[in-house]
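Mind having a look at this structure? Questions to follow.
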């Protein structure tokens, strides 16, 4: 009798212990464009998130519980994103999904997030979708990435006004022949014309161009003094190379991408301006040392200065999970995401502050960099405020 | 002509599907298996089979054109895109219901079939495939243009189809509808094969000049092959749009065409069963590779570049089938079946 | 005037890449859909050679070209030769499969990161101002020169040397050539090697001008249009074919809206196919197969 009772109690305790141990972790799913044509825009952010979570887990996780992330590669292809999101919510039953990929992959993930009531967070360089903007954001969509179409456009026009507004320079606009880039450029065109600029050329480069020189010629012949692009940075780099080769000496304004800093150093041309909404490593913030250490320790394959935007994503996820507590399910996590207020330690211009009415942030900040011939990177216009509105 | 255990005693049996008890048994068993399947596996695998079903309709269509009529078409992804975007435009702009958009997709497909098929009459072989390849690019430019100008940047979102008051969603519901549709498509293909149209196509594939000399109107049957094939393809594309819930131009890369061609090649060129088997095989393969990479000891780059591994395995299998089993899975299936039918004999009796 | 320079440079690029299509079509009567991937792989080898030799062009370029040649021969021996006599569909699909395999290997070895070989070059691409307000740069001149030399060598090879005559014989009538003592396998392998050599040459200039990534194969595939318009069996036809396509693209880029820019070359291609499917200089009998 006694041994039977002991046995029963032991069995009960083992089963409780094993189930508890099996569930003592936060499970999130990440679908990112690790490979594919525009991977260099998204893969560094994915690595930043990964090394942050690896470091977090090694330090014991959140109150002793690890964060398990399932990383899936959607190769920037919508059908794979569809398969990924189904797998994450139906099979793995994650409490949150993360998307670090092109906007083409949003639709399936958004559909599944809404269907299973799982929060979906856009990180890194993923363009923030319309559903996160105030005043009435979609309850399940959140965005901590640095890429915002409307705000990028407004910021670019603001910068152009400051640097070239007095003369109302002739402006050329460059897009890649993918829908989101063309829509971004259309928006910038409208804003620029409202501000009195004369848009002399608007070019959408096909995906598989053999030579950028004809397009560069078009800009040059139209007399563009400033050229701005809203496209993956590879397009901007190729275009700038062609323009330089043609002997064009206007100014080029590029929107940021994780490799922007390295590219500006490589070009070493003082007429190449970059406008990221996050800080470059030349600003020597203490957080960059942390990132570099983690990158080395967890073997990131991209350079340490390109992964910082993913790092911010890790900060946000840690803060949300911490405030969610234990046990945490997707509904609870959603509520705690809405109260996230993360100090980005200088990586972004301000905090990521989410609320029930705003899943993006209250203000977007941009810095302007260009190469200074005195052998270093100069911060031109610092931490400059733009308010995201609908 | 079969050996032990399967005898046809009437001429009608040559054309029928289930006259003999042997066949009847297996058809019923297959149906029972198909019905039981969604209740015995997780939603994820039902989803995979659903994807395979939609791919099967596209593969059957391509098989008609490439396998049976011998016209190599490299523009398949373009027709799928056309079907998907027909749905996208009709639903996105005017919110038309499904019972209007699907027929519209079929009509668009037929029109495209004529547009591509008539000029193709002048071309043979390589030049025909190149013209379909160019047609693919043109269609793709058009849909990218539409998406850039008129829709949200992530494509057009399609709400779940609604017939009357019944909203249609969920893997199980889709499974049964798709299985029914695949069954209908298979019946259509099989009937076409057995009819005078199918025989004309076969003749065109083998020796076009001889077929023409026999009195077959080659141009008419060729265009008909294009029309029927593209209509089925656009239908498959439209179904895919409803199933996925969105339409996006980036989903229709050249690799999609290659996948469909591989489906019919691996399955067996010209065979209806081959198209079905090939569609299932090619759809399930990436998921199997994913599981394999998780389980087997592989270098770390395989895990981070899973896509490269998936297409690498895909390519190796394609090469393997092309070199060692050009008649595809159907031939392998035929060999297995022959083994069991002929046992204990090894070879068919000489006729 | 600048437009003329642009057209010339683009023609040179397309000509180098398209020559391979024609060479392979003449040798094996197959449309090599793996050409773009061969170009991409050649570009990666070039990049690796540049990195390994620290920017030494005199070492990197020959090494890359030799590797390109080997890749072509290897593709023939592994993929095409075993399928001699099979229907065209199968062989085209084999080329597609090999292309995918090459791309998969490239991604696994070099990752999907975008590379810029231009940054490793020992010289800067300086613009020269020539008459009429036009600008041409060092790389532009180099690509035109390379294409010209490549074509001259090829034409001399085919017209004047015994080896060239053997290659033409094997291309025109393999059985008769084999019966006459030509080692057709060796000769066809040589054609494939030369084709990929040309692709790698094109890759050297493309990657230094734009960038290098696994999806660069799409650019190589665009080069089939010049080959087709000029005639799939005519090497000389590649030049006018490349000129036409380059002209259309440059004019479209300069004057047209985005929608026309990406589809203009293909509309021209479709028109050419309809009006004159065998190309400007191709042999007529290639169209009808009985």
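Each chain gets a letter, A, B and C, in the order it is written, and its residues are counted from 1.
The rule is simple: contacts are C-beta pairs under 8 Å (C-beta built on N, C-alpha and C of every residue); 3 or more make two chains touch, one makes a residue touch a chain.
Just so we're clear, the structure is a prediction, and the values are computed from it rather than from any experiment.
Undergrad: Which of line, ring, star, complete and other names the graph you get from chains that touch?
TA: Basically all the chains touch each other, so complete.
Undergrad: Look at the interfaces B-C and A-B and say which one is made up of more C-beta pairs in contact.
TA: Between the two chain pairs, B-C has more contacting C-beta pairs.
Undergrad: Which chain's centre, taken as the mean of its Cα atoms, is farthest from the centre of chain C?
TA: When every chain centre is compared against chain C, the largest gap points to A.
Undergrad: Could you state the distance in Å from the CA-based centre of chain A to that of chain B?
TA: 38
Undergrad: Just give me the whole-number Å value for how far the CA centre of chain B lies from that of chain C.
TA: Going by mean C-alpha positions, chain B sits 33 Å from chain C.
Undergrad: Could you say which residues in chain C touch two or more other chains, in rising order?
TA: In chain C, the residues touching two or more other chains are 107, 111-112, 214, 218, 258, 262.
Undergrad: What are the residues of chain B that contact at least two other chains?
TA: Expected reply: 144, 305, 307-308.
Undergrad: Do you know which chain A residues sit against two or more other chains?
TA: 34-36, 177, 182, 204, 301
Undergrad: Which stretch or stretches of chain A touch chain B in the complex?
TA: Touch list, chain A to chain B: 34-36, 73, 75-80, 82-83, 86-87, 90-91, 102-108, 110-111, 127, 129-130, 177-180, 182-183, 204, 301.
Undergrad: For the complex, which residues does chain C have touching chain A?
TA: 2-3, 6, 9-10, 13-14, 107, 111-114, 116, 118-119, 125, 127, 129, 135, 137, 139-140, 206, 209-211, 213-215, 218-219, 221-223, 249-250, 253-254, 258, 261-262
Undergrad: So in the complex, the part of chain C that touches chain B is made up of which residues?
TA: Interface residues on chain C, with respect to chain B: 25, 31, 79, 82-83, 86, 88-90, 92-94, 96-101, 103-105, 107-108, 111-112, 214, 218, 224, 228, 232, 258-259, 262-263, 266-267, 269-270, 273-274, 277-278, 287-290.
Undergrad: Report the residues of chain B in contact with chain C in the complex, numbered from low to high.
TA: Within the complex, chain B touches chain C at residues 66, 72, 119, 122-127, 129-131, 134-135, 137-138, 141-142, 144-145, 207-209, 254-255, 258, 261-262, 265, 269, 301-302, 305, 307-309, 311-312, 314-316, 318-319, 322-323, 326.
Undergrad: Would you mind writing out the residues of chain B in touch with chain A in their complex?
TA: Residues 42-44, 47, 51, 144, 147-149, 151-155, 157, 244-246, 248-251, 253, 287, 304-308.
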